[in-house]
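First subunit A sits with subunit B, and in the next complex the same chain sits with subunit C.
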Partner chain A sequence: MTAGHAHHDGGVPTWPWAALLPLAAFLALVWGLARHDLPWHLTLPWVPSLGVELAFRVDGLSALMLLLVTGIGALVFVYADGYLEHEPRRGRLFLLLALFMLAMVGAVSADHLLVLFLFWELTSLLSFLLVGFNHEDARARAGARQALFITLGGGLALLAGFLLLAQMAGSWSLREVIAQGPALAQDPRLPAALVLVMIGAFTKSAQFPFHFWLPNAMAAPTPVSAYLHSATLVKLGIYLLARLDPAFNDLPLWEIGLIGTGALTAVWAAALALRERDLKRILARTTVAALGTLTLLVGLPNPGAGLAVVAFLFAHALYKAPLFMVAGNIDHATGTRVIDHLMGLRRAMPWTAAVAILAGLSMAGLPLSFGFVAKDVVSVAKADADLINLVSYSLVAVNAVAVAVAGVAAIRVFWGTAEHPLGRIREVSWKMLLPPLVITLVGLEAEFLPDLNAPLLIAAAQAVSPGAVFEVSASYQFGSLLTATEITLALGLVLFLAWDRLHRAWRRLLWLDRHGPAAGFEHLLHAIPRLAAWLTRHLQHGRLAGYARLTLVALLALGAAAWLLDAPGWPAALATPAQGAAWLVASLLILAGAGAAVLLRDRLALLMASGLVGYGSAVLFLFAGAPDLAFTQFAVETVLVVVAAAVLPHFRRQSPELSEPRLRNGLIALAAGLGSLALLLSLEARPLDPALSDWFARTSLPEAHGRNVVNVIIVDFRALDTLGEIAVVAFSLLAALPLLAGLRNRGAGT
Partner chain B sequence: MILALYLAIAATVAAGVYLALSRDLFRCVVGLAVLGGGVNLLLFAAGRLGPLAPPVMAAGEPALAAGAANPLPQALVLTAIVIGFALLAFSLVLAARLVKAAVFEDSDRLRATEPPPKDAVKPEVLD
Partner chain C sequence: MTPRSILLARAVPPLYWLMLAAAAWILLRGHNEPGGGFIGGLVAVAASAAVAIVLGEAAARRRMPRPPLELAVLGVLLAGLAGLPGALAGQPYLTHLWWGVDLGIAELKLSTVMLFDLGVFCAVWGTLTAYLLALLPEAAKEEGT
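So, the complex of A and B:
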């Protein structure tokens, strides 16, 4: 935070007491664990009408996650207070961190599927705000947006999966779903539900092909990276998979999905770690690799895998968070995280170097650290599962990269001689040294005093693999396991020594940047506005005839769909009217007018053809019991002649030959005509509902004192509508007046 | 007989649609008028044709005779005819005014309010 030094006014208040909130939660949790047996239950009514209640259940796995969230949370608060010493907006950061902690606490202890989903999405939202904390930085904004899209999108898939699971199990309770898990295997909806849940968990835990948001989220302030992106948020997906594992462990889909995705993620991320130069991004890549390994372990069918999962999860949080803090300390002291510029820092920053060595040891999985226990257990699980050898070998490679990265973070930057001395570097304040030191020491304590946390790990493991008996031991087992460890260490050493050469070779493969999943995601983002623009161009093109075509086709499609859904049928016989001859004449007049209107190109003739349709209609009205209509129609057609005489001179005599899609227009017109014919015939087949007509006929004399029912309807029953109609005619006249004035004024141009 | 009438109505609707889809502004407006007339006839026929007596009570009778025509569609169509006339008259004047200002009758070229886009993505107003 070199930019922060600009505000060296000392006026920014410090917030050491902010850490008291997570610390109090942590202590309360420890006190509760010591006093009360697991599991704990808490249920509060929330939306009883929808069956939603705030149901929480804390078992071993939840307790482990809660301890990590609150314990590391308290130390991250202290660390952030030192790291953001000169940041005026740090009150905001503490608020967001505290809210995030609460969301995590809710997510890992919720028993109701919808409540779990709610807290899950809350963590995504808060992660967005935290990653984008330095919102003036374009990279921070881009990283935050990417993380939000991917994790919220995955959250929606998760919701769909939860809805399916709840439907199948008939209960919203997570515990109930897990209890019914094996019985659901026959349900045809189960594969869809599991795939959706896996997508949700994979996006959250940065599994391939959604892995790229995690390295890009490294634009976040380092306390956020240490808290969210190593210890808590990204473990939420693993937590959910581990939680559901007892129910679906035997299903091939679950097993193959988790093992395949996990192995692919681990190998891919480990390989990409070699391409990075930024210490934080290197650590982020190895975090993705560790998450892949965890996913793979959850997928293993062996019951011993449960202990492996929780042990590795615990160990990873305890070494990765301090390593992120080390990277933050280096950044804070030197202003850079690029490993090429960092050498020989051990004299200037001895305490940071000590923390880095201890955490690096744990990451490399060397003896004397909890990481070794975890890796030991992992090896046992793998051997028991009789896994495909390829996956085993690939994990050896992944672990070797972890060893090499531990070497880079712990040795390379602190030892050796700097090529470009960075000037005077000072060790960071105690607030930034104590938290990583404490977390690392907890990791070491786990090695020397396994009795302290073995009950916790075993309780957590039993939630993942119920019924299994576990024993945590750190004893050396000679034979294949030790050999595997030795091979890993030797390979890691080679990678560490050849780091720069490998990096240069890898870096040259530029197609990875152009065609990887991250690039694909960006392409997708850019394709959305392009698609929107294309649609707008084709729907909103500014051509009147096109609009009319589109509207008509949509209307006809709606009508056709209504017809298909509820075909009204055809009339048995058509009624023969009494005034047949008069109607026939009217019909012929109308037909002739319609035909002539289509064929004639002279404007006056066109107008007359349309008048023919009108006069034909008037004749029909006259002989169908509607004299009022006939008179009105005659009057209108006559007045139109006057209007037309006024405007026709302004048009050319003949309509110009414009290129038009005549066939398409003709087909649309034909469809409209056939549609109205079908409508008329089907109306004949249905009984007429005379209720309204009868009511008007009955009441027009007694209530309105009128004998002409049509007139009574218009001027009395619907008087207000008629007033509106008169207003419309008046307004159109008012609007036409200035236009007519403009037409008269021939010399005025526009 | 009534089938001939139905065919005439359908032909009117089809002719109206065909004319309304034209790029020529005048044909388009006349098409709207023809289409309106066709829809009026359709509405009228939907109230059933048959009784020939106008829906008017003879003096001294308290209610409509049994053989009278359906008054409801007549009232609706009467309103529609008047509104349609106002629309047509105004449209004709407006079209004439537009043609006078723009010198051509092609509605595709009347683009003063929606000019063709220049940028492939950005809408015109945001520039």
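So, the complex of A and C:
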């Protein structure tokens, strides 16, 4: 079609058939919608023991999202094929996009809370991979990581919220939870659940104060931005809020949370849009503003708001995706997206300019566009809602910024005369023109043939506001509403004309860069490794005496806590030992070992003394009815003493342990001893539940054919634990051997 | 490492086999009397340690049935495999099976428990001996500097 398509690099295969997958899904969906009434159900068993099943339910709202996901998906595939013409890793991008589409389809049609959560997190993960597609670029990596942290963190909150909701409703079904919603209002757990769910949705849909990941995700390839950051991923949070709205509409927490957050997000993002010079980032800021408006609309209590939500959601997807593609086309043709360098492109890129004008009309909400209808519906909803004036006025300002940005994207860069001409620019290939054109034409069609879309939009709106009656009309009723439109347009025009001056003024507000939420997040990220380093320095210092001291102090603290909580008396059992002589011998052995350890200075002798303590304990076990424990203790003690005795003489006498402050360490040891005594006494004072040991003693022989209960527990009753333990022991060796070999090599080097 | 004492160097090889026999005996009797794979494994480690200290790391390594690391991994695998027959028989994993073999004079009881305990034995013996042998030569090097 155009000259840009002429050269083809030999090595890079094209993927014309890749778009067939989303296209087929889209066509199947349209066919299904034409043939079968909504809602559709599908339930497959998955983990029956946990009550988890792959339950899906498609109603009007889901169908609208599905059409956007598959329809825009098909066009984005075509666009990406043109945009990444010379990219050798195109196959990877198509695979990720297809997986992302699948995750979105699952998320917007799931009826089981856990299944919804699963697909929700999948979209976050795939978004990470897609934003970081150009992984050689540090900005792409940083943007991808930020988006991942925020959306996955929000996902955890969402999971907690879902768990609470499921507990309260006694069902995992989303529909069941919504049906029970109003009845749950008395439950004291509901506020926590709602706040958690809202955090999850707000992170996904880039609401204040989590909004900053979206502009930073603009490091993604443009097809990804057009798909994820205008039409699908970021709408998922709105979708969930709209889905839950019928249940919690009446709660002040829900209403105030959504309206407040939405209004704040919209105003903040619109204001920051003026600080940007990069066309894509400007568009991203207005996307955040639109998402804020949508959140606000969901929060409106009146039933008419449902239609406003779905109409604006639909309209926004239909103009923002093409505008992103326009930005991509400009970037592709000129190599820059900074609006200062872009002027008068209409001659070189007439088709892109035409698309931009059509999409810009819709964004500005001018007549002859679906954006106009959407804005009309939105104003009606707001007028009905009896909003606080402040919120109303701020939304006018937000819309004015949208008008100004539409002017920048559609007029400024294509008209006007460039101060520094960019050299030879050629229009992009048909693959990059057809998709945005088709999407904007759908927008026009929605305006002129409302009957085609009205049933779908009304079905979607009824999912948000059940019971309400809607009608969509291409209303040219120039009535009282027009004044609001006129004011918005006039204000937008002023903003558009004063763009550069405003921009310079805003740029000077540097504190925003230093203290905004984005900066706060970066500080947090840097604080984590610093905290880890501090902890490591103070806990993992490599001095054995320090470790021992810390352990003993912890023991002391435990004992003190046990004593303070419940001071036990002196148990009667300890006063009269059953086998006096044996206990006496064992105690004498232990005391002799401990005393020798305190007095002796030679390391080998110290080792022997500590071994004596071990043997004494073994004797104690032997006569306390634990022969196995005694046996093990003897074996361990012997191996330890022998090995240590073999190794010790080879180390030079440089151990700082011997120059440790003896008095302080002695006091700590004494206190820790008293602490463990307190711990033991308080344990002894509590009645021991013998149920488990009785059961083991009773069943050991008949069920496991063994009289040695300890061994039977190890190899039979608790065999899985044992398997885990020996696996850990063996794995520790795998980790330690290279370290020890490294030490040895270093020793050999010196 | 050169042997430091002729007496020890002479005494250790038979002592090694004696200790291993004791270890095997402890392993086998473990299900009914004090003992078992863990304690038996520790005794075997003591045997290997004695050889390593007196005759050197290489001698201890040579006398092991497999290299220590391999022995440890084999032990874990063996213990894991011991659970499979039960699972194949339709019961939960690690459910042990028992077979009685009539020898005429007495009934010999065979079971997957034995296999499991042997796995524990090998894992303990292999892992701790590997640690021991990795530490010992370093000590020798330290002496040389």
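The rule is short, and it goes like this: the second predicted complex is superposed on the first by the 543 of 750 C-alpha atoms of A that agree within 3 Å, B and C clash if a C-alpha of one lies under 4 Å from a C-alpha of the other, contacts with A are read in each partner's own complex, and residues count from 1 in each chain.
Just so it is clear, a residue touches a chain if its C-beta (ideal position, glycine included) is under 8 Å from a C-beta of that chain, and two chains touch if they have at least 3 such contacts.
If you're wondering where the values come from, they're calculated on a predicted model, not measured in any experiment.
Enquirer: Looking at A:608 after the superposition, I want to know if it touches subunit B, subunit C, both of them or none. Which is it: first, second, both, neither?
Expert: neither
Enquirer: With both complexes superposed on chain A, which partner does A:720 reach: first (subunit B), second (subunit C), both or neither?
Expert: A:720 contacts subunit C only, not subunit B.
Enquirer: Is A:595 in contact with subunit B, with subunit C, with both, or with neither (first, second, both, neither)?
Expert: So A:595 only meets subunit B here.
Enquirer: Which holds for A:705: it touches subunit B only (first), subunit C only (second), both, or neither?
Expert: After superposing on A, A:705 lies in contact with subunit C but is clear of subunit B.
Enquirer: Quick one: classify A:674 as touching subunit B (first), subunit C (second), both or neither.
Expert: Only subunit B is touched by A:674; subunit C is not.
Enquirer: Looking at the overlay, does A:585 come into contact with subunit B only (first), subunit C only (second), both, or neither?
Expert: neither
Enquirer: Comparing subunit B against subunit C, which has contacts with more of the residues in subunit A?
Expert: B
Enquirer: Just to be sure I read the superposition right, which of the two partners does A:628 touch: subunit B = first, subunit C = second, or both, or neither?
Expert: Touch status of A:628: both partners.
Enquirer: Just to be sure I read the superposition right, which of the two partners does A:740 touch: subunit B = first, subunit C = second, or both, or neither?
Expert: both
Enquirer: Identify the partner contact of A:494: answer first if only subunit B is touched, second if only subunit C is, both if each is, neither if none is.
Expert: Neither partner.
Enquirer: Does any part of subunit A touch subunit B in one structure and subunit C in the other, and if so which residues?
Expert: Overlap of subunit B and subunit C footprints on subunit A: residues 627-628, 632, 636, 639, 643, 646-647, 650-652, 707-708, 710, 714, 722, 729, 732-733, 736, 740, 743, 750.
Enquirer: What does subunit A use to touch subunit B in their complex?
Expert: For subunit A paired with subunit B, touching residues are 529-530, 533, 536-537, 540, 542-545, 548-549, 552, 574-580, 583-584, 586-588, 590-591, 593-595, 597-598, 603, 606-607, 610, 613-614, 616-617, 620-621, 623-629, 632-633, 636, 639-640, 643-644, 646-647, 650-652, 655-656, 658, 660, 665-666, 668-670, 672-677, 679-681, 683, 688, 690, 692-693, 696-698, 700-702, 707-710, 713-714, 718, 721-722, 725, 728-729, 732-733, 735-736, 739-740, 742-743, 750.
Enquirer: Can you list the subunit C residues touching subunit A in their complex?
Expert: Against subunit A, subunit C makes touches at 26, 30-39, 42-43, 45-46, 49-50, 52-53, 69, 72-73, 75-76, 79-80, 82-83, 93-94, 96, 98, 109, 111, 113, 116-117, 119-120, 123-124, 126-128, 130-132, 134-143, 145.
Enquirer: Which positions of subunit A touch subunit C when the two form their complex?
Expert: 627-628, 630-632, 635-636, 638-639, 642-643, 646-647, 649-652, 704-708, 710-712, 714-716, 719-720, 722-723, 726-727, 729-730, 732-734, 736-737, 740-741, 743-744, 747-748, 750
Enquirer: Using the touch rule from the top, collect the residues of subunit B that touch subunit A in their complex.
Expert: These residues of subunit B touch subunit A: 1-24, 26-28, 30-31, 33-34, 37-38, 40-42, 44-59, 62-64, 68-72, 74-75, 77-79, 81-90, 92-97, 99-101, 105-108, 110-111, 114-117, 120-123.
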